[in-house]
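Each of the two complexes below includes chain A, the first together with chain B, the second together with chain C.
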Partner chain A sequence: MIDQQDIQKTVRDFIQQNFIFDPNTALVNDESLLGVGIIDSTGVLELIGYLEEKFQLQFGDDELVAENFDTILKITAFLQKKLDKQ
Partner chain B sequence: MCGIAGIVNLSDHHDPPPVELLQSMIGAIRHRGPDEYGLYRDTHAGLVHARLSIIDLQAGQQPMSNEDRTLWIVFNGEIFNFIELRNELEKLGHHFRTHSDTEVILHAFESWDIDCFSHFNGQWALALWNTQTRNLILSRDRIGVRPLYIHESNGRVLWGSEMKAIFADPSVPRSINPQGLDQTFTYWASIAPVTVFEGIDELPPASIRVYGPHGEKKEKMYWSPSYPEAPGSWEHSSTFPTLATATEILREKLEQATKLRMLRSDVPVGSYLSGGLDSSVIAQLGRQAKEGRFETFSIRFDDTEFDETEYQRTMAATLNSSHREIIVTRKDIAQVFPDVIWHTERPILRTAPAPLFLLSKSVREAGIKAVLTGEGADEMLAGYDIFREAKIRQFWSHQPNSKVRPLLFDRIYPYLARSPQRARGMAFEFWKKGLEHANTPGFSHEPRWSTTSSLKKFLSRDFLTSLQNNPSPTPLDNLPSNFNQWDSLAQAQYLEITTLLSSYLISSQGDRMLMAHSVEGRFPFLDADVMQFCNDLPTEYKLAFLEEKRILKKAADGLIPESIIHRKKQPYRAPDAASFLSQDTPAYVQELFSDRKLKESRVFNSQAVQGLYEKCISKREHVREPGLFSNTDNMAFVGILSTQLVVQQFIETSAPRYGAEFEFKTFVDCIQHPLLAH
Partner chain C sequence: MNDPMNWLKLDTKQTVEKIIKTIHHQVRTILRKKGVIIAVSGGIDSSVCAALCTKALGKENILALSLPERDSSSDSIRLAQQIAGALGVKLQIVDIAPILKGARCYELQLEAIRRVFPEYGEDWKHKISLPSILENDRLNLSFLTVQSPDGESKSSRIPLQAYHQLIAATNLKQRTRKMTEYLFADQLNYAVCGTPNRLEYDQGFFVKLGDGSADFKPIAHLYKTQVFQLAEALVIPEEIRKRTPTTDTFSLPQTQEEFYFSLPYGQMDLCLYGFNHNIPSAEVARAANLTSEQVERIFKDIEKKRRATIALHLPPLLIDVVDEINDIIQSTVRLSKEV
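Moving on to the complex of A and B:
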């Protein structure tokens, strides 16, 4: 069982290391990743690929929408829901 | 085509400009004009010129004066309507000694003062020095095809075709201007008058700057792209010729513009062939304008993703031209990249100029000094995807929750329909950004500018703080007063012309790459008459629903093969980050991404940049897979590497690349020989 904090940390670390690069730069949990340009549309796919592998999940096409992937909080909640169903 | 430079004292308390310094200045840009050199000097001014002889090979030397030697000029470029202007000026009583366009400028200025520039149809950057009023007049063509940079300090003004001419004076300070970098990492290039160097201005296109004897300064724009006001589309087109008639007129105007550029030259003119519609049309019109041998030149890529060989060869066969090809590899791009940046003198976010640097080399090796290209058609006739994207986003903004409206993106990017749904969905999310700002200036360009702005996360804290305190000017600051009365396509075209065309395409990818090997580019789509005609066209003649360059495709009918007219438009691109990640990549790349070099340059956050570098290197094994790097990572990698090269080549190093060991063919020194002044 993975708790929500671990999920959030995994997501945060990946974004920090692969899109922000500098660990000292603040990353806000409820900031729109696409909106402020932290991640572009290809970058989101990179993130999704990573999460599918890391958590052994499959995301359906209809799930790949901004409501699920736009902020760290939304990604975490969505992952939690998917993992709970497993 | 040439290089120009000079110095004018803005007060009476200065020594005359030193000959040695003037020689170093022009020596620094001698690649622009390797055929002859000239100097004029008096108590207050020094003008120097490096010539690439194209018109009136025997008598067109510069600096050139009027008859009573009170007006001197150094001029880089061509005035294509100089014969018509000469006839007009002769009727007004002017007498000519040469057959050059340079002399026409002098007489035109005598007659019309600074209003003369709006009479010129051409591509130029020039300096006029009036020895009596002690006015210095600097001017550039409408689009800024030819470059001109200015530095003022200690009561002097220095100018040059390239900034390296100004840097030939060791007293000129060198440092990176955060605003120039901020603009580069937003709009893909600094926008005149801002440059990436503190204290150096780029004279904006279509501008005239006049310095008086005591440093008074006036600047004026004599032209700006303009469009019909509130045409109401169909209403406007009912007062305009039908599409069929307009197509005929466009074809005639393009024929005329191409003919001027083929025939107003005393050396052979060749043509680039990209494989696309625009250069094919221009090459065919060039072919028809002049009998005899016709040389064409193309870039091929060993990366099939970027290659257009099939179409280039089809067109070359149609033209029956003497066709040359170069094959460009990733390794070639990495090898020449430092030279490319030495010529662009600014950071770039794409490697696309590098193959053009290699192409101009092959042109020069073939003995050709001037080429036609199709540059400008996409801006004037709405060829770019950004115009179509904006149109769909505008339509989508009427019903932002619609799931159907964004499906139109499949029409302009057919690969999306074939892509996994996930890529498509996320692309839609990206375009959805800012829909609420439809009908505000900049809507068309907002996705590009905001994506590019994400690169600023790599800037150092000092740079970011400086920008917070002193924000950069934006292209939306000084829009024409009736901008809001134009339709949305016209607004987007205006922004594309005044940002990307002038500041990047015609400069970093155009003039600089051509002149690196002493080749002059000639651009019929940027002819003054063609531009105005295109701007006046009803929108639907240009962008018909989502079909780009509708009128040009009709005009091309019967001129070039149908397979080229109807092919899917392929933007010209070259491999970006992937060019620098193989095992045999030149050592400079790793060095410039090192913590030491990043900290020395002080522009970037070293930790963040090294994170990006490691991420890219970690993908090295898969570097041949298309789409391996995101758009943002590609731009960041090339942008950072090129900025580091700018710092290394222009700030850390002061030694010029070439010596000044040449003799002036024209040497008018009124200090050593005062009688020359009369």
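Moving on to the complex of A and C:
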């Protein structure tokens, strides 16, 4: 069983390592990653591929919406919900 | 705000006059070239550019190129012949497939597609598309669609590595075309005309060192709807004017809408115009027959695409500015607009 904090840390670490190129940029949990341009469309593809592999999940096409992927908090909640269903 | 019917309406006579004067000035005085090379795809943008260049410099100083490859639409050459014939300009057809084959373009393409669909055969067809932006707040994720020779088609989200490889292979097509255009330009001491419209230029729908490269771009300031107005004024053949804009990059027919803009160009034009002129989303929604929520989403997408594609517009970045060259560039750009 993975708890919410671990999920959030995994998501944060991946975004931090792969998309934050400026060391002065602070990663805020409820900030829109797509809105402020931290992640672009190719980045989304990369993030989704990583999360599916890391958590052994398959995301349906109808789940690939900003509502589930726009902030670290939303991604965490979405993953938690998917993992709970398993 | 003025009537939405007038937002994109051009005085076509005045616009054509201004563009042809500027082309003449830019090609002859600024670039000091004898004529123009223009690749004609059979689409409306390159046809309008070819007509404008012909009016500016005379048909004897234009060389149109048709540059098909293995995945090009069968209409491309015929429509290129049609526009060249209508304008009375010379047309040279160069099949770029052997160059692409030598550069492993088709091999890379096949390998990338087979990562998603291992059963994909060499006689199958494919395209990349985006879901519609209107349905929900969907992520800009590309889908790969393949079609077997018996017409059965399947779609799947494309993983990152396969996506990068497929895009790299298809970008090579645009770059090979541009390389070929410059081969002729160098031989003839001609300038190369770039053919993007404003939607493509603004939203970064072009390949760096591919269709993004040119010596001048005479319609990059015009919305697609305005290009259609010019096409009518310039009497571009009806078949070309009525044709759905396509990318002509993948083997399956694919509109620009499903590959990049996610919205028909008429609505996209109104949204981009509204965004550029700070028109409230409710007003743009009424004009474009969309909801305010959809327009807000499109406004965000416009900004996102601008940010994501800015590197395509940038010249190579230097560590320090070389002022002497920078000054000449800036004064030349200023002069190029002073007709």
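We adopt the following convention: the second predicted complex is superposed on the first by the 81 of 86 C-alpha atoms of A that agree within 3 Å, B and C clash if a C-alpha of one lies under 4 Å from a C-alpha of the other, contacts with A are read in each partner's own complex, and residues count from 1 in each chain.
The rule is simple: a contact is a pair of C-beta atoms (placed from the backbone, for glycine too) under 8 Å apart; a residue touches a chain by one contact, two chains touch by 3 or more.
These figures come from a predicted structure and were not determined experimentally.
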Chain B versus chain C as contact partner of A:65, first or second or both or neither: both
Dominant contact partner of chain A by residue count, chain C or chain B: B
Partner chain(s) touched by A:35 [first = chain B, second = chain C, both, neither]: both
First (chain B), second (chain C), both or neither touched by A:48: both
Partner chain(s) touched by A:18 [first = chain B, second = chain C, both, neither]: first
Chain B/chain C common contact set on chain A: 34-35, 37, 40-42, 44-46, 48, 61, 64-66
Contact footprint of chain A on chain C as seen in their complex: 131, 136-142, 157-160, 163-164, 300, 304, 307-308
Residues on chain A engaged by chain C in the complex (per definition of touch): 34-35, 37, 40-42, 44-46, 48-49, 61, 64-67, 69
Chain A-facing residues of chain B, complex: 420-423, 425-427, 429-430, 432-433, 450-451, 453-454, 457-458, 605, 607-612, 615, 627, 630-633
Interface residues, chain A side, partner chain B - complex: 17-18, 20-25, 34-38, 40-46, 48, 59, 61, 64-66, 70
